[in-house]
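For clarity, chains are labelled A, B, C and D in written order, and residue numbers in each chain start from 1.
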Amino acid sequence: MIGVESHLREKFIKVRNQSIKLCQPLKPEDYVVQPIVDVSPPKWHLAHTTWFFEQFLLIPNKSGYKVFDDDFSYLFNSYYETVGERVLRPNRGNMTRPGTDEIYKYRKYVDNQMLEFLVRNEINAALSNMLELGFHHEQQHQELLVTDIKFILGHNPLFPEYLTSGKEIPQRSNMDEEYIEVMGGLHSIGHRKNGFHFDNEKGVHNVFLHDFKILNRLITNGEYLEFMENGGYNNFEYWLSEGWEWANGLETNAPMYWHRMDDGWYRFTMHGLKPVIPSAPVTHVSYFEANAFANWKGKRLPTEFEWEAASNGLLEADVNQGNFVENDYLDPIAHQDGNNQMFGDAWEWTSSAYLPYPYYKTAESAIGEYNGKFMINQMVLRGGSCATPKDHIRNTYRNFWHPHLRWQFTGIRLAENI
Amino acid sequence: MIGVESHLREKFIKVRNQSIKLCQPLKPEDYVVQPIVDVSPPKWHLAHTTWFFEQFLLIPNKSGYKVFDDDFSYLFNSYYETVGERVLRPNRGNMTRPGTDEIYKYRKYVDNQMLEFLVRNEINAALSNMLELGFHHEQQHQELLVTDIKFILGHNPLFPEYLTSGKEIPQRSNMDEEYIEVMGGLHSIGHRKNGFHFDNEKGVHNVFLHDFKILNRLITNGEYLEFMENGGYNNFEYWLSEGWEWANGLETNAPMYWHRMDDGWYRFTMHGLKPVIPSAPVTHVSYFEANAFANWKGKRLPTEFEWEAASNGLLEADVNQGNFVENDYLDPIAHQDGNNQMFGDAWEWTSSAYLPYPYYKTAESAIGEYNGKFMINQMVLRGGSCATPKDHIRNTYRNFWHPHLRWQFTGIRLAENI
Amino acid sequence: MIGVESHLREKFIKVRNQSIKLCQPLKPEDYVVQPIVDVSPPKWHLAHTTWFFEQFLLIPNKSGYKVFDDDFSYLFNSYYETVGERVLRPNRGNMTRPGTDEIYKYRKYVDNQMLEFLVRNEINAALSNMLELGFHHEQQHQELLVTDIKFILGHNPLFPEYLTSGKEIPQRSNMDEEYIEVMGGLHSIGHRKNGFHFDNEKGVHNVFLHDFKILNRLITNGEYLEFMENGGYNNFEYWLSEGWEWANGLETNAPMYWHRMDDGWYRFTMHGLKPVIPSAPVTHVSYFEANAFANWKGKRLPTEFEWEAASNGLLEADVNQGNFVENDYLDPIAHQDGNNQMFGDAWEWTSSAYLPYPYYKTAESAIGEYNGKFMINQMVLRGGSCATPKDHIRNTYRNFWHPHLRWQFTGIRLAENI
Amino acid sequence: MIGVESHLREKFIKVRNQSIKLCQPLKPEDYVVQPIVDVSPPKWHLAHTTWFFEQFLLIPNKSGYKVFDDDFSYLFNSYYETVGERVLRPNRGNMTRPGTDEIYKYRKYVDNQMLEFLVRNEINAALSNMLELGFHHEQQHQELLVTDIKFILGHNPLFPEYLTSGKEIPQRSNMDEEYIEVMGGLHSIGHRKNGFHFDNEKGVHNVFLHDFKILNRLITNGEYLEFMENGGYNNFEYWLSEGWEWANGLETNAPMYWHRMDDGWYRFTMHGLKPVIPSAPVTHVSYFEANAFANWKGKRLPTEFEWEAASNGLLEADVNQGNFVENDYLDPIAHQDGNNQMFGDAWEWTSSAYLPYPYYKTAESAIGEYNGKFMINQMVLRGGSCATPKDHIRNTYRNFWHPHLRWQFTGIRLAENI
């Protein structure tokens, strides 16, 4: 058993450090603000992920554990009604105290306590599962840290750079498009392996699919620009009714972070404001935009079941062939041969609403609030983006967002009937 | 062919008269208002259904047809962007002109023109289809007329009666609950017969279902009252996150139209304010409430596919056994033997989001705006309510509403896994 | 005393009939709606003015009086918190019942009861005062009836005519502008005669004025058009900060009811849509617009004290010279010689906030809610408009509206320092 | 002339340092946020006051001056439309860059440039006036710094202390109330001395006042508590109509920063959460509350003219008698003998709307936007609070706020007619 625990300690240290690493480029002020309700302050993410380990691991399991500060449960609970009152989400950005320093102390305290706990205690299956949930919870927030920081910097008129390494996003030409056939029939959907997964992926079940074709790569900025130049934002025929209303409220008829300059379109990236690269995947589009684009093309978005069926085996292949490396530009890059861009580029909007699988069972206790209660008015995204931690990516992973949101690295893949 | 046309004329007259009949109990003032954006003024319904025949039948097909009034297209177009500008939906209730008299003249004019057209012209398949669409469109608005009138009267502090016949809703005891088993496997879903259907029911396709059980009747007021008395509205565990927020904004923790009086709960009905009948189906609940109730019961709502599979053949049986008669109380009544209450009582919330079927194809032209563009953020309801015209009911019919809405006669049926 | 009572009865009949006369041109639907919160349904005005006599005259004074309907107090109380609960103002337009017929019955019932009361009872000073308040209250609502009806019809895309007499508004040329000098010093302000007046005019007091000049007529449409054509709406320098924000939200940079057509500017009038008459006074401008216009002209608006001082004696002169006749076009007309347009053309925005006079005393009881509680965030208007009943006009009358409102016949007169 | 310039330099250094001193207790996070639109981030205040000197002194007057950063004009312009585009006010709190460090550099740069300029250049009257305006502008923002910091800390559930000196606010008993008579007649109003003043105080003019009495001190917490305990917040009779609506939306029926604890009422102060001191002046009340309190007491608020007349000579007396010392508790303290609490305790709501004086003239250029454009919907406050810099206090000073605002140190003094 010692091997397991040592592995868990290493994993714990690695995951926890990664959150801190992501915040290295920030100035003290960047940690604080919440410019829209969906974007949380970076310091809140740092504290909330820590609170998770304190609340669900240390308090119930470590004997004699003394909470770091009684107020923090109130301050850093995100949405767990079971655990008591909490600061209302829209007010997160007004809480200047505790300061970032204090939160780093909180992290250190809880980390030390956790490591002590992991050394001294036997980690049974339940604990190990909770710990893994803590890792994945933190990884989810790491992705949010990236996208929330991008939002905070990208809406500042100075367009500050987050990555100043000088490394430029590679400009390479795009591969041809190809629609790959997938045979219909009964497909088994849902997570069935031993590894970690959320409750919403559970409940393996059969879904009958009709034959279909799916694109071998993501839609590019260049293709999306064609849609824009063809009046895509001005023709209601392509849009869902609520999407049309949404699009009419946009300041710029383009993906988020695009700016029209004298010499063409630019995008805010983690390296600052840069010209749009036509061969790179389009990102930061809403479901409404993805759906309108598909209609304009005369195609459709895949269902999440089609996507899962089409992706079967591809992640393992990618990993084996070395196609799947972490993309440290924090920006998707053009597609290269032998790789269908299904993982690690952009979250791909599917045409499936986020609903429970047939055998879905809500977990008991606060952890049961994790996923199920969001199963309304959201659409499923599959794949994982350039901001998703590599070992947080699975082909059964069900991400979900409201159809109008686009501050995540969201992209488009098309499908069609045969 | 004469037979067909004569049948169409009769049907036309019958459908058109029914709208007028529904408005008989109204006072002139009741025709005008739009208390919430979802509820349209009755005079608007009368005009809009007429405009449909003018716009899609007479103008394109009747030679020499002179429109009744050029402004009406602007005034009574509901949401067809193809057909040009229109009064924004929230302003319908501020348009006092044209008055109801003028709208009745408009109806008479268009009716005469239509009857003339139906006598003189050969009705080919395309025309006949469009005509049928017009009938069903008008029947949809007849259901809305009932629910919108109920809203207008039911939110008036005087609680005026719509039906003054004196006939009371029958108080009968409720049948036992029974969960009926349905075998899984591949089920064929979608409309495949010759009769009329909307585009959203088309595209027959297979869906694989796992074995399940479904309740033999609707949930009653009495059962819902138990949920209320058990603190159902005060326990977040039963609720979707958006539902919990919605419920916290309610003035009364009860279905719409329920009022707590000194001697118990009352409901506004078409006969005025009446005591709640425990054995009658609960109606006017939102998806949020239906889902919370199911969670409280430890069951779930059926998917629309399960519902369709479970209902196969039942409508025909109902009709044959005389179980299916129009319910002119405009209020659902307690369930009787040999009848599963699947048709004509309440629209039943399913756990399926309103999305296109695999082979869904949007129709060309304005008619293509009919259904597809609403396929986001809405849930499917199946069955048909006491306000639905009898020949508008089909077991493949897909109704859909946003999860917070409940001014329709919406009800609850439960399911469970085996 | 008989003379007094017979006079009061005659006055009662005359005032009450006038409200009905103003509603003659309405269709049943026009009585019902409330397109913005400030505009009440005509049938509500008819009922509310009746409720005033029932509540404040009949119930406390007529022995054995039986209220017409117990619910009406709740339905037709406007803002008197003393008198109990009431329908919230924004919901007035959703109350289709009681219908207009029922309200006419209510009027007849209360009128009969009042006339009976006026015959049989000795009317002491307190009663006589309350009665007069009832008359003036009803006259205020008569002005609102006109402006509310104008709003309802003027925002209908059919632009229906209210007056169909065919009489056109006279087109006559405008008199020259002249700034009349008024000497400063102590001026006595406030109502001091015997006649009727509201509590807010009471408390005669001295105000010291510096010498000033005031324009001999109202600003015309032609002058206002110059302001518009000079970019008046596009230059922030002329505007108050809140006014600039308000103006940026306008759909049309022009007074309310103005529409730009191919051949120039039109205005919706009680005779329908008509070309703007350059020599007629501009109306339907907000305080923000009046103030911006004055700044553009390098002048200012007068204070209410300057206005009152300048108007002293003019009303009597007007009446004696026959200049003051009721204007039944319900639209102000161009200014003619020997008449300063101070009365009966437009309510003139002054630069004075609506605040209590030094000796202002709130009346006891519900009547005390009449004026005082609105003394915040509103500006005083003086004079009286073409919609104001003639015997409701006084030179001490203090009208008041929020600075952004303009559905009343509001106009502009300029002043300057010497 | 050298004397003048050296005095100006000293004053410049003193004023500029004071802003920095006020920010010493802040943590980096406190500088950033804007919890309500009225409260600006402290770092914004530091930058904006600096921008004022750069924009209005250095750029037009210092030859060869190089702006610190071209973007700062856009970022730190507050409301001067003349000077070009600016960040919309509600977004100030989302601008994390430039960081506070950068802003301190900006201050140092501009300060050095200013000092260099003040040494090398002859300061003519126009320059000297602009400089003084800069000082007073910065002092206004110093007061806002205090109140905005109080808001930011006081709405944090941790209630952090700003002043940790340990010095407690002195608890002393309150002086008796006395209503001091002031004789009516013509009073001269407005600033007439040589010293600095804003344009809105200019235009000395006569105002006729009737005899009145005014309270010799501010209303205390104890007196206000009586109003609360007498149901002051639950009786509409005391309230303006808009005030009643406002009060019904309050979470706590008490002044801002009051919290009901088990052992009585507490207030958030700059020393943290402390028990309410009954003898200290009540602060953080809105105009609506001040007015309701006065009505409950059967008194009224003074007009700004009465206040100015009553205060004549008192400031000088205070200064001479040593009564007027800066209160470094940043909280008003109980009233002591020989001191009417007119200066330096709380801004006192008057019953006067903020309007131009008769001879008011807007200054040319951007500086002309300073005051005049806010002359609508605001009430005048007089005196100056414990947060107002001492040499920023004058008895002709006209402060102004919207009637619902109360995050300033606003208090109540009563008056009555004789």
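Simple rule for what comes next: a residue touches a chain if its C-beta (ideal position, glycine included) is under 8 Å from a C-beta of that chain, and two chains touch if they have at least 3 such contacts.
What you are looking at is a predicted structure, and each value in this text was computed from that prediction instead of being measured.
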item	value
Other chains in touch with both subunit B and subunit C	none
Geometric centre distance via CA averages, subunit D-subunit A, whole Å	46
Subunit C and subunit D: spacing of chain centres that average the CA atoms, whole Å	38
Length of the line joining the C-alpha centres of subunit A and subunit C, rounded to whole Å	60
Graph class of chain-chain contacts, one of line, ring, star, complete, other	ring
Inter-chain touch pairs (all)	A-B, A-D, B-C, C-D
Residues of subunit D defined as touching subunit A within the complex	27-33, 35, 43, 71, 74-75, 87, 91, 93-101, 152-153, 155-158, 160
Touch list for subunit A against partner subunit B, complex	79, 81-82, 186, 205-208, 210, 236-237, 239-244, 287-288, 300, 351-353, 355-356, 358-359, 368, 373-377, 403, 417
